[in-house]
Amino acid sequence: MEVLNKLYEMTAFGAIGEDPLTLVMLALALFLLYLGIGKRFEPLLLVPIAFGVLLANFPGGHMSVTPSTEIIEHMTILEIAKEHGIMNMLYYMLIKTGLLPPLIFMGVGAMTDFGPMLRNLKLAFFGAAAQIGIFTVLISAVALGFSLKEAAALGIIGGADGPTAIYTAIKLAPHLLGPIAIAAYSYMALVPVIIPLVVKYTISEKELKINMKEQDKLYPSKVKIKDLHRTKIIFPIVLCAIVSILVPSSVPLVGMLLFGNLIKEIGSDTNRLMVAASETIMNAATIFLGLTVGATMTAATFLDKTTLLIILGGFIAFAISIFGGIMAVKVHNLFSKKKINPLIGATGLSAVPMASRVANDIALKYDSKNHLLQYAMSSNISGVIGSAVAAGVLISFLS
Amino acid sequence: MESTLGNALVLLAIGMITVFLILALVVISGNILIKIVNKYAPEPTKKLTRASRSATGTAPEVIAAITAVVETVTGGHGKVERINKIDK
Amino acid sequence: MEVLNKLYEMTAFGAIGEDPLTLVMLALALFLLYLGIGKRFEPLLLVPIAFGVLLANFPGGHMSVTPSTEIIEHMTILEIAKEHGIMNMLYYMLIKTGLLPPLIFMGVGAMTDFGPMLRNLKLAFFGAAAQIGIFTVLISAVALGFSLKEAAALGIIGGADGPTAIYTAIKLAPHLLGPIAIAAYSYMALVPVIIPLVVKYTISEKELKINMKEQDKLYPSKVKIKDLHRTKIIFPIVLCAIVSILVPSSVPLVGMLLFGNLIKEIGSDTNRLMVAASETIMNAATIFLGLTVGATMTAATFLDKTTLLIILGGFIAFAISIFGGIMAVKVHNLFSKKKINPLIGATGLSAVPMASRVANDIALKYDSKNHLLQYAMSSNISGVIGSAVAAGVLISFLS
Amino acid sequence: MESTLGNALVLLAIGMITVFLILALVVISGNILIKIVNKYAPEPTKKLTRASRSATGTAPEVIAAITAVVETVTGGHGKVERINKIDK
Amino acid sequence: MEVLNKLYEMTAFGAIGEDPLTLVMLALALFLLYLGIGKRFEPLLLVPIAFGVLLANFPGGHMSVTPSTEIIEHMTILEIAKEHGIMNMLYYMLIKTGLLPPLIFMGVGAMTDFGPMLRNLKLAFFGAAAQIGIFTVLISAVALGFSLKEAAALGIIGGADGPTAIYTAIKLAPHLLGPIAIAAYSYMALVPVIIPLVVKYTISEKELKINMKEQDKLYPSKVKIKDLHRTKIIFPIVLCAIVSILVPSSVPLVGMLLFGNLIKEIGSDTNRLMVAASETIMNAATIFLGLTVGATMTAATFLDKTTLLIILGGFIAFAISIFGGIMAVKVHNLFSKKKINPLIGATGLSAVPMASRVANDIALKYDSKNHLLQYAMSSNISGVIGSAVAAGVLISFLS
Amino acid sequence: MESTLGNALVLLAIGMITVFLILALVVISGNILIKIVNKYAPEPTKKLTRASRSATGTAPEVIAAITAVVETVTGGHGKVERINKIDK
């Protein structure tokens, strides 16, 4: 009998009985796994996040991230591991320090091609307008009672960039990291649904048929790139200087992105570094980021009204960002003879290259010869810079 | 509460100004960069070929040849992911 | 003269003269290198372990792991590195925290195929019986004067699973980590010797000739898997839930194993994660695990009676585990018309896929058509789960 | 000492019960899982092909073709380790 | 107005205005990028170092390494990251602990082939003479007012080995790490300039025409290697024993080098470890080493007389080391009938395999049939051991 | 100051003696090692082949064959970087 009693105590049944909301979290984990595996929503991140939620919510496994306290923040790595388990060790070493998002940005940079942006530089400007969702949702969130820091971390979901959202959440509102990461990656996966939705109510058929290549023939650009290789090597250095001087607090993100891009563009001389940035470090960082972010989500921290507001607010921020980009193009078209397809504004969002593909597909639906992928990529990539800069501004003023 | 809203509005202003300013500078300096590099670039045709091969260190014709062979063999399902050159 | 004196002081001659047992350790390192390189005993682990022993036992190199004290456990990484060298830094960061065994389990999971187990699910049950060596040696060790924790860490060698043995030793008896790791990996390498030895005295020729495929034809299984891909994706999630609820303390091992397996089975969508788990992280973890575990073995900590008892006890635990698996099959055969070859029980040990290959070879020796590899793999893989669960039970009750 | 031995015996009991219980549950739930998945699985032949290719993302016939070519070239000593597909 | 004011405060303009020397550092970063990319000077290290300088010198980016203080040395990783940013976190975790140079040496070992050295073992002896630059510059530096530790860290540049120089600087004079690393890698890149320069003034045409292969035919060596594979496996173990007993303090470097070499020579059995050592760990370590070393260089720490003296002293140390190697061969030739080409002495420097290639090219210029690459590789590789041993001696006596 | 210079000179002596001593020992023990290994080495021809293939686990003829094919296909621009064998 005593044996059976001890056996029961070893299991998680008791703990689950005490806190049945844990079952809701386990169901959520299964739902996220379904989204990641079955629906193929950003599986590279949603699967580890979902498995992190799963592992964290079996009481007794010691795999959930303990909310930050004064005490735990001053413990050594070994102390954290022994008292709180390896998941906390990884969280306090890799996430709470803010290390992984810059490393992932380095990998993103090593996989980004600034070529389409350089070939259509003017369109990069529309990556700015698509940040408006960040700040409008910030204001709404403040009005709803969120603190400024929380509101900023919520708004940044509208930047449509996973690592940027996570980095900002770490710096401004780490207690909201879980739902913000989930919202950011889920909506990025939902870009093929959200962009058409916003486009439907804002762009007329006539505008959707604007053919960028024909406009280029009518009003040809004066600048032709003669030495793309050399231009692509110098460009990230120039970009780094501009961003770093104006918004130094975005250097950890943008600087690492551009370093990754530089070692890619140099070519074979730095191929080893490129492989390390875009594969070795990137892939390992993705696993650890996903698992630990997932492990922050326990019943006690996740299941409240705030989470719902973040899920809702994130959607609105996304939609307003797309709307902002579209409107900026419309304003441009009022004053310019050379017209731009408003879909180019919609892709200012970030979510590379998904947003561009979606925009291209919409354009092709209205005119099967209207390939605008290369044009969309320009504002799409500049949207990544744009949201990292916006994050830098928020961090600079609020942290 | 009100001052928080005020701060939020100031953030909106500063944030959007900064983003627009930076991307404007990117467009301008990018154009200047292209012009400067163009000025020092040798005859365009030869240079463009060199540029396009330097990313992988393999000439496009070679890539095309390898890709064609692989596609023939795999019936179009396999794709060449990367072609590495070794140091001499 | 003064110069020559200083020169002598710089060397390790003085220190070796003071503690000549160091030479024994250096000889042991060479012997382990011989086993790993010449005899090809688990070279992936024995070579780094042996080199770790070598590096640790040159006095003055500061490459040996300092036995744990209250003081060192509360030092920061930099303090440890500066006072005790990089080997201690790696040890207290990666091993003492318990981080590497779960990471290696993630890699093992990403290389494991549950297919054979799913196709012969019933045989998985025999992976349970082969854990009996763990607990019988635990009892014997307690009788010989070991503490309960030490006895448990010793017994787990009978689980025939390297990372599980190391994880249990870290949690329950870190001062015995070196000899336990050596014993575990050596006996895993000796599986082709130990299994035939036990089989020889326990299984009759008639039993060895039981042909699993013919039994399957005589008594066909009712369940046929129609969608192996989907089944293999859901199975690790189900498995994780079962183990995690019943033995939460095994989650760091089993949970990570099943996460690794999941990202492998999902396929191309999570290929990057699979590569990180099974190559990037796995290989680097193996190097650091081997070197640091080796570096724990110095003359002062290794050369005593306890080590001999561990080497001996580990062998007995192995043998009893194999015996237990065989007996369980024999009992089954008493009550069932559909006979199972007792070799399937012997492979409940773990040591994937070596044990299955050995069993297959033995079967073929008696009947050249009796291929039972796929059947043996079922109990073999379930033996890994079995010993991780046993480790979880021990850690849960004793730590 | 005696109580330690007693504890060790309790551990033996709990440990073996747990291991047997868990592996029994694995067998049972594994069978249930297979049945459930089978229920929703479409026509087996087509599905099995799809399943077997999804691991590498390459159809078996293609793998066979590539493997055959490599084996011919290498005299059976080289083996195809992995076939990666790139994103479109 | 208030908005514009806040906007200005966010930028780095104010900070740059206060410390305009920052602009000099930014210009230096661009110059180093030019050397690495345009001139292809050791791009694998100079590019990350240069980018590290760039990132560190945008005030407000929090990406520069804070000079070491009592306080920061006792902070936990999270405390460092939160107060001083991720670059300091990486620096105090990976560099200040002395971890990365041994890891890089492991990778170097896994890419080194001791074959040429084994085939011409006698020539390995000349790797010793080429360390004289280290010690003569040490003496000069002391005479110029450097402390012994600083002088040793400066002198080690003459070892012509990047990781060794960095390791020694970390241990003896971490405040000089930046300029020492820059000098070491720049001069390694300049080996094709420096060796011909020294050769021009020290080796006669007649000596340059000494043909090693013909000398080998005239005076054949008695020893022929019958089992190169096995010899190459045992050699690193023997080498490790010799170095470790005589200079234990060089074990972290030499021991890891030889471990890397061993897992390479064993072959397929330890292939996974070799890949981890020579690719996974090596490439990631190179990125982090480069960025953090670069980030130590800010206007305040870099722009002073000491840096100039290090740049100058490093060059002299290089030149004297080459000179020493050449002279040792000349002395040998005085007493031996079998002549050695003095270029073999010049390659005792290290800088594998660049120095050997340069020597080979010079020899071919004077006699188009005089291929001495394989001979040069022997002293070249032994020069790596030589400078690591010299570093061990210095660390042993001075730290 | 003077004693610092003295220390520097002592370091020069100890350092160079040590480096020469170690590399001399390397030469001597390397030669001894070669002789010992030679003594136990089987017939040289067969053994050398085995040695040269063990690094990659692939026989030189096979490597030559693969390399030739790749060079033909790539016009000499692509090179075989590594040939891996998979476990059976």
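Odds and ends about this structure:
Order of writing sets the chain letters: A, B, C, D, E and F. Residues in each chain are counted from 1.
Just so it is clear, a contact is a pair of C-beta atoms (placed from the backbone, for glycine too) under 8 Å apart; a residue touches a chain by one contact, two chains touch by 3 or more.
All values derive from a computational prediction rather than experimental measurement.
Just to note, of E-F and B-E, the chains joined by more C-beta pairs in contact are E-F. In the contact between subunit A and subunit E, the residue numbers used by both copies make up under half of all numbers at that interface.
Between subunit D and subunit F the centroid-to-centroid distance comes to 41 Å (mean Cα coordinates, whole Å). Subunit C and subunit D have CA centres that are 20 Å apart. For this pair, subunit B with subunit C, the centres built from the Cα atoms lie 47 Å apart. Residue positions of subunit F touching 2 or more other chains: 14, 18, 84-85. In subunit E, the residues touching two or more other chains are 6, 10, 76-77, 246-247, 280, 393, 397.
Against subunit E, in their complex, subunit B makes its touches with residues 10, 13-14, 17-18.
Those residues of subunit A that touch subunit B in the shared complex are 117-118, 121-122, 124-125, 127-129, 131-132, 134-136, 138-139, 142-143, 147-148, 151-152, 223-231, 234-235, 238-239, 242-243, 246-247, 264-265, 267-268, 271, 382, 385-386, 389-390, 393-394, 397-398. Touching subunit F in their complex are the following residues of subunit C: 2-3, 6-7, 10. Across the complex, subunit A meets subunit C through its residues 6, 10-13, 16, 26, 30, 33, 37, 40, 43-44, 47-48, 51, 54-55, 58-63, 76-79, 81-82, 85-86, 89-90, 279-280, 282-284, 286-287, 291.
For subunit D in complex with subunit C, the touching residues are 4-5, 7-9, 11-12, 14-16, 18-27, 29-31, 33-35, 37-38, 40-41, 44, 47-48, 50-52, 54-57, 84-85.
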